[in-house]
Every structure is written in C-alpha cells, then in structure tokens.
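For reference, the structures are reproduced in the following blocks.
Both complexes below contain chain A, partnered by chain B and then by chain C.
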Partner chain A sequence: MSSPIPPPNSAPRLFQPAQAAGRRPALGLALTLTPIAFVLVLLFGGAMLLAVLQSLGFAPWFGVNTFPSLTYFKALWASQFFWISVGLTLYYATASTMIALVLAIPLALALTKAFPGRGLYDYIYKLPLMIPYLVGIALAVLMLGNGGILSRLAAYVGLIDDPGQFPAILKTHYGWGIITVYVWKQTPFMTLAIYAVLLGVDRNTEEAAAVLGASPRAIFFRVTLPQILPGIVSSSLICFAFNMGAFEAPLILGGGFPDTLPVIAWRYFNDADYTLQLQGMAAVVSMGIISGVLLFAYLAAYRRYEMMIGRV
Partner chain B sequence: MRRPRLTDRLSPFQRFYLLAMAAFILGPFLPLIIQSLAFRWAWPDLLPSEWWLEQRERSIGPLAWDYVFSPYSRVLEATVNTVIIGAAATILCLAICLPAARVLARERFRGKSAVEFFLSLPLILPEAAIGITLLMVFIGLGLAGSYAGIIIAHLIPTIPYMVRTLTAVYQGLGTEFEEQAMVLGASRLQVFLRVTLPMLMPGVVAGALFTFLVSTNIFLLTFLLGQGRIITLPTLLFSKVSGGTIDASAAGITVIATLPGIVLLLLTERFIRQKAFDGY
Partner chain C sequence: MTKVHLSGVRKSFGSFTAIEHLELTIESGEFVVLLGPSGCGKTTMLRMIAGLEEPSAGSILLDGADVSNTPVQERNVGMVFQRAALFPHMTVEKNILFGLSVRGRPRGEMREKLEEMLEIVQLHDFRHRFPAQLSGGQMQRVAIARTLITEPSVLMMDEPLAGLDTKLRATMRRFIRDVQKRLRLTTIFVTHDQAEAMELADRIAVIFDGRLAQYAPPDLLYKRPSCMAVADFMGVSNIFPGTLVAKNRVESAFGQLRVDEQPRCPLGATVSLMLRAEAIDLHEHKEDTRFQAIEGRIVERDFLGASVVYTLECGATRIAVSEPSRRLLDVGRTVWLDIAPESVWLLSH
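Entry: the complex of A and B
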C-alpha cells in the first residue's frame, strides 16, 4: 500500500533496500506514527470530541446527561452579551492582524536591502518573537497606562496636568492596549514569514516592471504583493487564529464585562457552579466553530485567487 | 542568495521606517529597566526621584531586585521549572516527531492527508479551547497539576512546528547515503546514528530551539493545567502583572522573563541564521 516517492534530483538507483525507501510493511508504518497519533489524535482529538459532547449535554460525572441537546448553546446564544463578546473577540483579532500585516510588509521589503547594521537589526526585530506575551503586556501597562510613559510625556510637553486627563488606552472595549500588544508581538513573526517568501521569489520581475514603465505603486500592487501573498496568508492565518484564542491580554488589558470568548469560557469553567462548565464548553465549541469557519473561508478565498491567477 | 540590484539601497522612507520600528520594539524596555531600578517614580517625573540603590542601605525589607533575587519571589523556582519543562517537552517532541517526519517526507500511504490535517489543527484551534478541554481530560486522568501533564500539553502546540521543520529536512536529504551505508553492511541503528542523524542535525537543532522557545513562552496551557501548583516564568509574571500595575519588583521579574528569549535569540541567530524559520 505504500509506494516510494522518488526524491528530487536523485540519480536512478541500482539497489533499493526494503527499509530505506518505503516498502515498509503497514504495521511498521503504523508503529512509527503511534506516538504522534497518541498525542494528537487520542489526547488532543479526544479532548476536542469530549468538549463537543459536553457542550451538547453529556456530563455523567456531574450527574448531567441530556445528550444530545442544544440547551447550553441556546442559553449562550440567546444572550446579547455573548454576541457582543463575539464581536469584541473578532474585532481585536482582525484589527491587530491587519495592523501587524501593514507594518510587516514594508519591514520585510526593507530587510531585503543591504544597509549598515543589518546583522544587528536581525536581533532587534526578532526580539518580541522570543518572549512571552506577558512581557508585552507589562510593557503596555508601563507605556500606555494613565500613569505611564506616554502620559508623562504628554504632561512634559504640557498637554495634560493630571494623570486622569490622559485618554484611557487600556481597559476599554476599544482595546488599543490589547491590539498594541498583539501588533508588537506579531509584526516580527509576519515580517519573518514574508521575508522568507521574498528570498525565494525572483525580484528581477520588479525591475522588469520598472523598466517597462510601471509606477512604484503599480509595481507593489501588481508584482510584489502577489508574489508575497503566500507568506501573507499563512502568517496572518496563524496570527488571527492565535488572537481569537488569546487569553491573558484581554483579561488584563481589556475593558471587563463583556469579555472576549476565551475569558468567558474560562470564567464559566472556574465557576463554583460546576454545571456552568457545560455552558463554558458551549462557549469553547462556539469559539472553535467561529474561528474554524472564518479561517476556512479565508483559505478557500485564497485558493480561488491562486487558481484565478493560474498559480495552482 | 542575494543579487546586487539597481534598487538595492534603502530609500529615505525605509531608513526612517527601520528606525521607527526598532524604537517601537525596543523603546518600551527602557522604562521597564528604569522602573525595576526605581524606588520612587511619581507622575509626571520622566525619571525616578529616588533610585533603588540610594534606598538600599536605609531600608530594612528587601526592595525590587533584592526581592527578585530572594527566595520569596520564587523566580529561581519558576526559572528552573521553565527550563525543565521546556527541555523535557523538546526531547519528547523530537522523539515523537523524528519517525513521523521520516514517514511523512518519504512515504505515501492511505490517510496521509488526515495525518497532515491533524498536524495543522493545533495551530488553528484557539489556545483557550485546547487548554480548557485538555484540563477537563487531565483532571479525569489525574494529570492536572503535574509536570507530566504540563509537558504533554506543551507537545500539542510544538509538534506542528517540529514535524514541519524535520519533514522539510528529510525531503531535502534523499536516501542515497543511507542506502550506501546499508550496502556496506551497517545495521539500521548504525545507519540512523552515523548517517541520518548527522545529516539531519541542522533541522534537529532548529526544531529543538524553536520547540524550547515556544514551550518557555507558553502561559495559558501551563496556567490552566498547572492548577497553580507548578509555576513557570510566564505564570509568575502573570501573577505580578494581572493587577494592571507594574511596580519595581514586577518590572524586575519582567526583565528576568525576557532573558531566556534573548539567550535563545542569540543561539538561533548564531547556529541557524535564516534557515530555521523558513516556511513559517
């Protein structure tokens, strides 16, 4: 059932040992994949399945078993605050992904040029990638809080004379603090992904376009952007998915009730009333569904585009 | 890799932009370090009116860095836990992913696309959803609040990266050298240890560093599954930051939590340069 794939650029083989190139018996194959399957399918997949079952009313260990019923979803979805939460979660995830993308593209393009300090700059721009989100949150509190550095600078130049006059950036539902942390942390990730794609594409096409009289604007939108699109799509997909499920930034920097979906799910799950755990599971599953549907639609749109321009 | 081109120099805008981004990324660390060294830093002063060192002689109780370095802050415990969990997760992840990557890179089999789909799921599903559902299962299995539980949980977000890195390396490898070793009478173990592993080393190092990095940065899974019993640098930081204010000791712990990332950054840049992150 397994057949060897010829490795690229390999010379024709005179001798083919059974083990090396894929005539392995099915049992050996299954054994090789067992550990990874154990973690991903049994543990991770099992947990996901259990979450879906529980959200549908299956929790015999609590003495609750109304499976299958949509009671918990209905209770959750009937609340207008749930939909505000969905809106907030989507808003934070989308806004920060888009801002990070807009910042990352020019950065990746600039990094393809030679300049003094290029090696040092590699260290600088990758730093946020390496450290926990909570460091970013701490920095946001220091910089953007009412008593923070920006507020002090505003006082220094005479714009305000009391910390209370500084506009609230943190702990509002506009979420500028949350978005700033995500952008700070994820711009390097996107830059890296786009830069990696840029290294692989033929940049001479840009020059060709310039020689043929295209404006810099046209070159960017007609030549460069389509070339780096795979990097844009993959990195924004991962960042958006992460932002949908991020917990600590909305909890600490968010505006409180109504919270984002992950925070809601966590609050339900930690509630003293354990039957609310089922409600929490419904929130978790809703979050997975919303995130999954959006990512799927995004990927499908991208595939269609790739097909349209004839790259796939 | 780089060809000299007409447009190979920075435009004035790009020069400004690079500086602005560097300021955006590094700028906030300056007040962080100042805050960790401050004793009194009232609004609207741009610099502290009294510094830690000035007060150190006069104070009875530990201040800022004294606190950070004292056992009360639990910084050492958290650092040790972070490293142990990261190292264990990295070794386990490698052990699991090496055979899987080999199969995925070289063989075609029924259900391969299903395996690949499962491999991308942890990247796509929200971390909170993964954490809460795993917690439910781990409570049932008695793994909640244990090192084993946290290490297993850390495998889930790291496996996709590790498999991708190793699969890419395996695909570029070809099988000729292994075949020649076998023809010359090497055993399978010898082939793996003497031929395959050395050739895989760049990928193994890259994957291991990245896995360790991701593991040391994970907050939510550790927070949920550790049940408060096991603290790492991110969860310790959470307990200091969650109040929404940063005092001198919180700033000091934030600085400490940044250090592993800086060390890993130096290591990754040194050992693998750009290659490691290609494809992410």
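Entry: the complex of A and C
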C-alpha cells in the first residue's frame, strides 16, 4: 500500500524516559520478584533438568546409568510410528485450537452487543469452563459413541437403519471426539480472553472505518482483528500448549495405536518394567522440544508483528 | 458542497425519546454548530446523518435525495469522533490513507492526496508515528485529515476539541475554520461550549432535550434569544421580571424603562427583561447619560483582564455590568447606569 514500515527504533519510544528515570524502582521490583523466581526455577527448572537427564540415561536409583546416551531418543525417533504420533498430536492440538478460535471470535464480538436472552447466554457459554475435562469426555462418549444418544436419535428419525451404522466419531484417528471435547471446553475460555481484550478496544474505530467506506469484512480484518490479536495469541497459545500435552481425551476417545505423544509417555510410565520410565522421559522431552519450538516461533512472529505496528 | 435536510426526524431508544421531531436545514457550504448541554442528543443527530443510527421516524436528505436507507459506507459523509478514534495499529500515514485504501484507489492518487492532506494538517514530521505517540491536538488533526481525504459531502465533528487545553483549542478552532472556508465544506460541528459555537458558526442550532430551541446566527442568538433557556445557556447575566405598560415602555424594578417596540409581546403582558452586561454604560455623573439614568452602587468588582465586571445594587435588585478595564471604579461608589432602549430584549411568558 503506502511507504515501507518504519524500522521499529526510528520512532521515538514513549516509555524510554520513564524507564531511565525508574532504575531504582526496577531494582526493587527485581528484589521483590526474586523469591517467586526462585520457586519457579527450583520447581520447574529442577524437574525439567531431571527429566532431560533421565531421557539421556541417568537414573541410578533404577540401577540404570548410561548417561549421556541418546539411546532412548534414537529408539523413539527411528520408529515411523513415532512420527505418525507427532503428526496426530499436532493435528489434534492445531485443529481444535483453530476451530475454537473461529467460534470464539464471533462469540466474543456478540458478547459486546445487547440482544434478547443476553443474560442467559452469558451463563450458558461459560458452563463448559466449570465442568472438568473428564466429564466432557464422558459426555462425548454418551452423545457421540456408536451406541450413543446421537446414533439412537439418527436411527429413530430414520436417517440410518441401526445405531450401529452411525459413522464412527470416537476411536478414529480423525479424532472428531477429541477435537469436539477440546473445542467444547476451550471455546468459552477463548471467548472470555478475547472479550476481555475487546472491552479495551475503542469500538468507535470500527464505526469510523464504516463511515470511511470500509465494508463489514474490511472492518473486521483491518480494524477489529488487529486490535484483538493480543487476546487471540495468548488464548490460542495456552490452548495449543495444553492440547499438545493432554492425554485423557486421546486415551479414551482416540483411535488407539499409534497414540499421541502424551499417551505414549503415559503407557511407558505405566509399564510394569519401571526402567521404561526413561523411554517415557524421552517421549516427554521430545514433546517439550516440539511444542517449545512451535510456540517460540509463534511468539516470535507475533512479536515481530507487534513491533511492526509500534506496540513494542 | 451538499445541502443537508433533516425532515421530521425522531429517534427513540426503547421507550426513551432522544430526538423529537427535528426539522433542520444546513445550507451547502454552511458551518453549523449544534449547541446544547450534554445528553441533549447532539451525537445522536450526527450518528443518524452518518448512518450509524437509524431514525425512528422522518428522513434525512442530502442534496434533496433521501439517504435514510443508504448504508453508512455509501453515504460519503465524514465524521470526526470525540476521542479521534484513530486506528491504533496504523501509522499516521496509514490512518489517513484508510478511506482511499478501502476504496481501492490507485497508488499514485493515494500518494498525491496523502501529501496534500499532510500539508493541510501540517503533520509531515509525524507521518510514521503511531497514534499513541501523538498529542491530543495532533490526533484530532489526523482524524480530520483521515476524513477529508475521502472528500466527504458533509464534514461532521463531534466535540473534537473537548479533551484539549484552552490554548490548543483556540489554535484548533482557527485551523478548523480555515480548512472549512478553504474547502467550502458543509460542516456540522457539535459542542456544548457556547463561546466555541459563536466563534465557529455561521448558524447555531441550540438543542435542549432533543428539541431544536433556536436556529440563528451567533449574534442574533446572543442578542435575541428565543426563550429563557437559550438566554440562560448563552450566559445572559441580567434577567428581571417586568410588565409591558405601553408599546415601548416596560415597568420593572428600576422603574419604567424605554424599550424598542416589541411586536411579539402583547400590551400588559408579564415579561422577562434581558439586559446583557456589556450593553449597559456606567457614568460617574448623571448628566452624561444619554437614554435613561438609573442610580446604582458598586458592591463587587471582578477584574478579568481585558474587561471588568461590576455587580451593582439598584434599590433592591442587583445587576451585572461589564466594561473594558481601561478604567477601574472603586467598590462602594455610586454611579449612573445608562440603558439604551435597543439593548433591552423582552421575552413574554
């Protein structure tokens, strides 16, 4: 369109003077945060270090110590099923995050408007937030299973002759059941996160765009969406990370072998042969690496965008 | 240059009526100010003209064509919002270009018009900044440029100067007036500040509670308000009860006063007498008075710089008189008030 984007540091940075003047308070803040940082590092960093060590063969308390060796990773990565598992894990996590997002954005926008039944709607959409995942999974089994309510209903209405003919939604590698549960549970969360950001958006910007001749589509993509992006990024980040690591839904509703990564890890941990825990750790660490790299790239891209629009 | 006509426009929000049967014509190229207290319906009127709000009844005509059913995007009007409503994620340039960009105008035209707009609003040095890096006045200038670049048929501004400090407001008023004169744009400007309205307007529409109270040029509005509410809002300081005893004579607390003929008031009617503070002359000697001399004692003096306002006691009534501060009269002294018949304005009840 117009001129190239200015380099981010060409514009004077508004917060610089305050920062320079606030050196002492910054030190105080650092001191205040130290105990918290200490707990975080110890609890998470310590455990993470241990997980990495184990995955590299360090577990003297099991009588195993081949540290450092990549045996466990090699065993895992050499198998083609491992990569199918990675694909499945990514697919379930991505698809459910995207679908939830596509549902959550219009819901959040609707929440800022007044309409009949608004009060009731306010309660209903939050309901899944208060119900545990496992209950959601149970509901999915009851509703979507081959002997479930939907199949019986379809048979009753005459869409199919017998509930058994109902298309398989659960226990397939398409993961409709898993995705349904994630979407059902996470759409309200994303709606809430985006709605919170939307409350801080000057809605006159959308009206200004309309008066300037922008179509509803242009208003959404060029004015609204960029302004609610922080809510979209933070909530999709959280949901994606959770979906990557969650194992109940894929275990109960998934298609069985090859399983998702968390289920693989869980099976190793659960094995009678406790030395397999090291193999499980390798799966966990692999999962951490994949999810970490993806999320880091996502955040880096978002940060670049933020710099482009002058927010950072 | 477009003529705007609101014909029998009413607007209700549920059971609440914000605008009641409004008839208003804005001539093409005219600068009209909608003036009224907060909540009287000014913003609602602009929003209806823009198409952001639909009238409950009546129609809106632009150059004679009914646009009541034209969607906001196609009305080609301009609106500057109270808090600028700039796109926070776009630079000044991109904000200004938005209207042309969504119309898919060619790049060359956009460049050309952008330079033109930056020239008008004097924001060359700020073209790459984001709204958060601008002052309030600069933000409003960007908002104005963003609107002007689409060459709207009507320019509407909703209290665009409300958040600015006094000095900047004065500069911005002059700027807006200059731009309007240069482009000869039909302009509707909203404010609740009567001084601002008088400085800017060709005509002022005073609105109270969704009703048009008076529609007149500033001087007329100031000297000849149509009702007590307008007089009060325009800051008339002296209002006294009286009775019209002859065609051009009114009985009041100061005795009988000569006034101009008042065709609007019937003989014997109870009236309100309006005397603007600066229309009364003060004399130290009775012989100097030209029209009618009333004795008064100065009880208060407020020095305002260029002018000075005295509060005088005339018998049992108090009256405010303002005059240039070239001379200062002391509190406590007795003076003579001289009231020209044409400066008395009567309102019948």
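Basically, the second predicted complex is superposed on the first by the 273 of 312 C-alpha atoms of A that agree within 3 Å, B and C clash if a C-alpha of one lies under 4 Å from a C-alpha of the other, contacts with A are read in each partner's own complex, and residues count from 1 in each chain.
The rule is simple: contacts are C-beta pairs under 8 Å (C-beta built on N, C-alpha and C of every residue); 3 or more make two chains touch, one makes a residue touch a chain.
Just so it is clear, the model here is predicted, and its values are computed rather than measured.
With both complexes placed on chain A, chain A has more residues touched by B than by the other of chain B and chain C. By the touch criterion defined above, A:Tyr121 reaches chain B but does not reach chain C. When both complexes are overlaid on chain A, the residue A:Lys74 reaches neither chain B nor chain C. Of the two partner chains, chain C is the only one touched by A:Gly310; chain B is not. Contacts of A:Pro226 after superposition: chain C is touched, whereas chain B is not reached. Look at A:Asn204: by the touch rule set out above, it reaches both chain B and chain C. Residues 1-3, 10-11, 204, 207, 210 of chain A lie in contact with chain B in one complex and with chain C in the other. Those residues of chain B whose C-beta lies close enough to touch chain A in the complex are 1-3, 5-10, 14-15, 17-18, 21-22, 24-29, 31-32, 35, 43-46, 95-97, 99-100, 102-103, 106-110, 115, 118-119, 121-137, 140, 152, 155-156, 159, 163, 171, 173-176, 178-179, 182-183, 188, 213, 216-217, 219-220, 224, 233-234, 237-238, 240-242, 244-246, 250-251, 254, 257-258, 260-262, 264-266, 269, 274, 277-280. For chain A in complex with chain B, the touching residues are 1-5, 7-11, 13, 15-17, 19-22, 24, 26, 29, 32-33, 35-37, 39-41, 43-48, 50-51, 54, 61, 103, 106-107, 109-110, 112-115, 121-128, 130-135, 137-143, 145, 147-149, 151-153, 155-156, 163, 170-171, 184, 187-189, 192-193, 195-196, 199, 203-204, 206-207, 210, 234-235, 237-238, 241-242, 244-248, 251-253, 261-262, 265-266, 269, 277, 280-281, 284-285, 287-288, 291-292, 295.
Taken together, the chain A residues at the contact with chain C in this complex read 1-3, 6, 10-12, 14, 202, 204-205, 207-215, 218, 222-223, 226-227, 309-311. Remark: chain C residues 50-52, 72-79, 81, 83, 85-91, 93-94, 97-99, 101-103, 107, 110-111, 114, 128-130, 132-133, 143, 146-147, 150 touch chain A in the complex.
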